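Okay, so chain A shows up in both of these, paired with chain B first and chain C after.
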Partner chain A sequence: MQPDTRLEIPAHVMARELSGETVLLDLVKGSYFSLNGVGSRVWTLIGQGMALNEVCQTLLTEYEVPAAQLEQDVTALAQTLLDKQLVQVAA
Partner chain B sequence: MLPDSTPAADARRALGRWLGGIEGPECLGAGSPQALLAHLQTEGVVGLAASKSSELPEDLRGPLRQAGRDAALTSMLLEAETRRVLSTLRGLGEPALLLKGSALAFWAYPQPQQRQCSDVDVLLPSRASAERLSHALAGQGYSRADTSGELVAYELMCSRQVTADWKVEIDVHWRLVNSALFGSRFTFEELMEASVAIPFLGPDARGLGPVHALLHAALHRASNLATGMGDGLKWLYDFVVLADRFTEADWRHTVQLAAERQIAGPSLSALRSAQHVFGIALPPWALTALEDAARREPLDAARLEDWRYMELQTARSLPGLPAKLTWLWQRLFPSHDYLIYLYGKQGSYAGLLWERLQRASRKWRR
Partner chain C sequence: MSFRFADAGAPLPDPAPPPPFHEWRLLADHVFASFHRYHGSFLVRFPGLADFTVSADGQAVTGFHGPDLKRSTLDHLLLNQIRPLALSLQGKNMFHASAVELAGQAVAFAGRSGQGKSTLAASFARHGHGFLSDDGLELSDTPEGHLAHPSHSSLRLWPDSLGQLLPADAELADPIQHSTKSRVLADARMPHVDTPLPLKAIYVLEREDVAEVSITEMKPAEALIGLVNHSFLLNIDDRAATARHFERVTDLARSLPIFRLDYPRRYDRLADVREAVIRHTLQYTGHDAARHPA
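Then we have the complex of A and B:
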């Protein structure tokens, strides 16, 4: 996955924000997934149409964390979401 | 309406005061997480309580958060079904209004899962429109259960097994309230004219405007109190979120409409109940005006819980002897489908009917 990759949320995936987390539901598979606080923020930014590098830049202004570590974590989360078909690469 | 003081009523009031924000979680007392969750489930306020879970001690927070996730999942499944119904309506070219939690969850509550719903309620302009939607839903795997009769419930119930353990029901109404006593107080056209858009559900989604939504909540409660339902916290909390948004003009319009349609008594009763449980602030002048109007109404709102009284009032509200007799027949001899739905169990028509007659007889003697 490239830093400028943009992901989008497919129509069959729904999300709800709870206090401090986001619950995702895949209507096709009937499976669900929960994201913690930072994961929720990543989800929101992806939903706003940001590329992964833009997501990282935004998060760097919000959290005190080394850039390399953040990029690694965001990419790993994005890959997990992609593997679970909760997001897809935007055309 | 609540009895003044029983352990159950006290626990319910404590829960209301916490949810209403007038007291901290200490008012809930020391109970097990299971007991609290059971209470929240009974009252239909798991999602609402989960949004305040950070206020609770750790032993309660974890189980409540998990229950909150479950509530969110159910809410999403219902949202998907609501979108499906809206899309079907779009295809049919039928105007429609979402009712109760199906609408309020998406525009009046901060998060949809805070308003627990068990079905999707949609109002159409006529019986013919409702039949068209029901027919279209049948083509999508929904099966229809006939209600007790069109003078008893102005709705068609369509259901579909979505997952192994989750069945969704779409209640297709053609009058605002199922009870003939209140069913004709508002026309579809006037409700549509004052309706609100629900952008969360798409460009076509509309729900009752705030004033009509509040009056509808009051009528729904009045129609259900005598059956032992109607005062659940999830329904009463609708008054909290609506009152919170009301301007003085909204209150004036509420009072005017309630007096004009002769529903000031049920409206006042509902607002007072919500005030009693959640401690919400209501404009005293509006309560006084509703009280004055209620005195001039034929329905005694102090007897909303009196099943026999409400049945008689419903019979009286029907025009002419043939309608009254038809209603009585439909009330006594509903369809087999409806009896299965009502009692939640399979059985022969004769067996279920016998159960119904026994229940009716007990209520009548009470």
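Then we have the complex of A and C:
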């Protein structure tokens, strides 16, 4: 996955935000996945069409965290979501 | 919902259903129920016991069984397994939960099989808080809030629970062939509530490896996943139906207080559990806990 990779949310995934956390439902598998506060924010920004580096730039203005650590965490989360087929690489 | 039994021994119209799309297993090597698509309907097969066809809209159920199967076993399968699944096909919110009356409202106990739903319901009922359901609880949305609906007026209990909770002359339904559980019929000593009640709270039964009773509020996202995991859903391949269910459960998780209930699964601690739940629930209603003894 590259920094300028854009991900998109497939039609079979539903997301609902509850008190700052997000629950994802995979309608194909019937499986569930929970995102914490920062993960929810990443999900929202991905859903807005941002590339991963744009997601990181935005988060750096919102959270006090080292850039390298943030990029590593965002990439890891994106890879997890990709592996679970909760997102797909945008065409 | 219409229901009929085929003549005893009558075969399924098509005895060779396609492979199951889902199974319930009691043990790794023991399939309790398998679920098949079947000529536009569903087939729920309880191996060695009975088959049930359920129409896609959940309105028509037909039972097929061998000549040796007792009516009590069929009733048990119908009431506790098939009915909730058929109602879920009708778009109703069905949960693996029991419910009891408390100060004119209902509280529900959600949990997996064997977690203590029926035992808790029986324990409350034996102390004056009638039970609405011991499993397969239907919840509905109304402008006034969520309602818990009563189901059949019996409880299923393991033999040790029977001895601990019920008087020796409690009325039992005929034995169930596939289980050592007994179905206990409600009476004045273990009353059943037969009208819907406003649902006040849901307690999700969790850890038993604890020394004390504890009640903690679940985060809404955690509560949502808990409720989804304890849902009756037959047509899990129907994305639209699953999405609608997810929406409804999300609304429940947002609007209802949902708590994790951890407690030691010991009969001599049930009074502590009742007392903790009553005190906790009544905090939300402004009732005087002293007027509702555990």
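What we mean here is this: the second predicted complex is superposed on the first by the 91 of 91 C-alpha atoms of A that agree within 3 Å, B and C clash if a C-alpha of one lies under 4 Å from a C-alpha of the other, contacts with A are read in each partner's own complex, and residues count from 1 in each chain.
One rule holds in what follows: a contact is a pair of C-beta atoms (placed from the backbone, for glycine too) under 8 Å apart; a residue touches a chain by one contact, two chains touch by 3 or more.
On a predicted model such as this, the values are computed, not experimentally measured, just so you know.
Touch criterion not met for A:Q79: it reaches neither chain B nor chain C. By the touch criterion stated above, A:S19 is placed in contact with chain B and with chain C alike.
By the touch criterion stated above, A:S34 is placed in contact with chain B and with chain C alike. On chain A, the surface patch touched by chain B in one complex and by chain C in the other comprises residues 14, 16, 18-19, 23, 25, 27, 30, 32, 34.
Partner chain C is touched in their complex by these residues of chain A: 12, 14, 16, 18-19, 21-23, 25, 27-28, 30, 32, 34. Interface of chain A with chain B (complex): residues 14-20, 23, 25, 27, 30, 32, 34. Contact residues of chain C toward chain A in the complex are 219-222, 224-225, 228-229, 233, 236, 239, 242-243, 246, 250, 253-254. Across the interface of their complex, chain A is touched by residues 50-51, 53-54, 65, 68-69, 72-73, 75-77, 79-80, 111-113, 163 of chain B.
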